[in-house]
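Per-chain numbering from 1; labels A, B, C and D assigned in written order.
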């Protein structure tokens, strides 16, 4: 499916400010970038970096004090891989590729070590495979309230479990934490999400099952086969769409994605297992 | 300088257990591995993985229930780079290479976001450069007690600051947290440490200054120019010398390092700035 | 029922040490103290204090360096009040006596404010009254493992919920926290517990329902009608059996309680609601 | 000195709501209440309770949905006791009256147990007595920023130390925590504070030294001899000026205090030690 997507961000800066952004579509086999444009007002010259492992694309800019606007637009063919969830098993820990080890370990917002007893008690006995991670998402969706303002940029997965509330970022962190605590590699995914209302940057997660990474959304808000990946990381810290160094005020933000063919109805959500990686560990 | 080093580890396992180890000397330009041997009793076949970015060498083994022993020995030429600390400046955030970004972000045990107000208040006004990081190490050394048992495997940098006590791992996490909070990239380093008494795996940290990574030891116990690197990581989670999946009892552990020429006196500690990277970001 | 009970404690002290103890049986209408003896070796002169509100009896002693032993024995008639749980309702918050307010508020180890969302989600819709608090105890008993060593003297109710493990103190703190979060006054009770195996100081809790305080034991280990009260408090901090100021080593501890008539079989546990207060708020 | 003081509070309530207030002047020997009036619009009938130990006056009201206003006015003669700080010593722990024990223990927001290593390291070697507590206040005032919004109603003393920012409540909690960690009984005091700009309910603390409770204000904003006490407690939880049970919106709040003689200049702050208790432990 081809999507038109992008974002428009604007800031007011009291001082010259360094920003690092991660909002461009990842260049991975399942995402063909048909066209793409990034512009700045006033014009600044970005430094760019693409992580050779994760395929995340970062750019850093030095913005002078005053008003600043950024515009990104892209047209992307998304080739989501579908499979029957019942066919997807977990991988014994002694067969998990070693380069995936980081995604089994706790990270800043994914306190899987603290949550291990809880995860084992709630999910330890469930049937394994894609269905277990799906059950985790169902549990989170049932037990947590989606509530903007319930969390902040330092909120960890164990705090979210206690507060029983959060936003997509928190839902993803908790899902990842439960998975890692159970020995299932899991990682954070930022994306443009077709069908998300209201439109915004979205956060979901991937679990490594049966030899590839599968997408999950504990908020149940997104179309899993309509997620255009921006970045992957241990947790939200690594792939914030914007990492500013300095004081700033965000004065505008619009995130958009639509089908390129103009069809507007997102339709029912798929019940397939969905993957956008190419079957290699990455 | 040439060092003979290694370790002998033994375990008693109630069940078949998967281990991932990271205890071999890193293959980096500053470390020439003259000879090296790794053996297991009973014999098992390791899976190996070397992180292409960090040069960490991991191996995973599946160990049957019963007694298990691991022996590693190596002879290594260490080419430590020396410089005058006064010549080493901090790098403005807009010039920090983007691939170093992860080492500016908070991680599981390096709660640099929580510690930002504290770091700015204590160290924000200090003269910049190698001397600022050295002053941070001095502050930690003065304010914390080195005390085995004061921390556990979930202890974070902010908890260490509150407890005013910890081991090398905790001293390193706190030093890294203060650096990151001040905009100085910093990372965790595990190593064989010449002159450390009693001998053990040691943890220090590196800060990225003036275009390369410089070694710091907030415990002041190690010879900075006698540190043979095993691994680097965001924090201790990534480069535990042993990550076991299962129940086990450690029944023995010896870590050793000596000068290959037989000279035993470690001598006074260097006052130079020491680096073992080759001037590239890695 | 008449009980013989007491304790023998011994310590080794490197320096002169001040202790405050709270281990004597509370003088309340439901507990008739037939005889009682407290002795110290070497002899020291206690300062005594009985809290006029809570009836807790404290004594402070200044113990010289060296070996120290304390022996307490009492014979007590316990008049436990029985009722049908189905007849005991919760009290609307606007009718709760104001002197009970402290037992609705969070305290050091009873983080009822942090646990409010969790408590409301799990227990908010349950039928009210004695049965709701009993259901909370059942939930705790089912979801937590009784595990000495899982907690320490700083462990809070929210941490216990996360760890899914603890001892009687932790089970009581969590029960109290859930109650307070639901608007049910609750307080910590230390006691001699008939039928507890192995014998030890025990911790349970009381909830204020229908005009008096009712006993609950989330560990399900005690005979509710065989609990001889020592002290009540907001949480364990207030009624530690021993609050030492100084360094010490505990070298011996025995806690005992038996029926005065010599009958040894504790028999089945009561299913009645049990209270040992006299129907006043205290 | 005679003061006119009071407050006007207004609320908008979606539902019938129970409130417990603690905002009337405490009836203690050092405070002669010349006149006093409390009124509600619409009229409601309060339940009242005066804590026999702490002298805190609570009233509970059941307010119907809609707009609600409360007005309190009093004229009070304050007899502050002055002394030379240099004459006021700390009391050895074995001489502290046992009824003061609760004020040595950690409480919900006063995590003195967690802060013990920090307190001992920073203040353990300071000269003892009133001057040590004053030095603690000076340290807090120097190291923390007074910053509305930096904390919330669940913020604890250890979090405040880490954030290096807070409001009067947080400054008091941290001062109390340091004192308790050092073996100095300390408690939270809510008050009308003459000279405070802008006028508001204020929080300070008392430390028990030389046989009575002495006032301290780590914010250095109040006139110590112009503090008219409302309540005392282990921490803010016990003596919130308003404890609501239900949803509400505060629509107005004015707190006022002025000298009854009309003199407006608060003048320089006293350097005396100030106490408003009568030399008994309470």
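Details
Here is the rule we use: a contact is a pair of C-beta atoms (placed from the backbone, for glycine too) under 8 Å apart; a residue touches a chain by one contact, two chains touch by 3 or more.
Quantities reported herein were computed from a predicted structural model and do not represent experimental measurements.
Identification of common neighbours of chain B and chain C yields A, D. Rounded to whole angstrom units, the spacing between the C-alpha centres of chain A and chain D is 47.
Centroids built from CA atoms put chain B at 31 Å from chain A.
Taken residue by residue, chain A touches two or more other chains at 114, whereas all remaining positions touch fewer. Listed by chain label, the pairs that touch are A-B, A-C, B-D, C-D. Across the complex, chain D meets chain B through its residues 114-115, 117-118, 121, 143, 158, 161-165.
Within the complex, the chain D residues that touch chain C are 18, 20, 47-49, 51-53, 58-60, 62, 93-94, 97-99, 101-102, 105-108, 110-111, 113-114, 153-154, 183, 234, 237-238, 243, 245.
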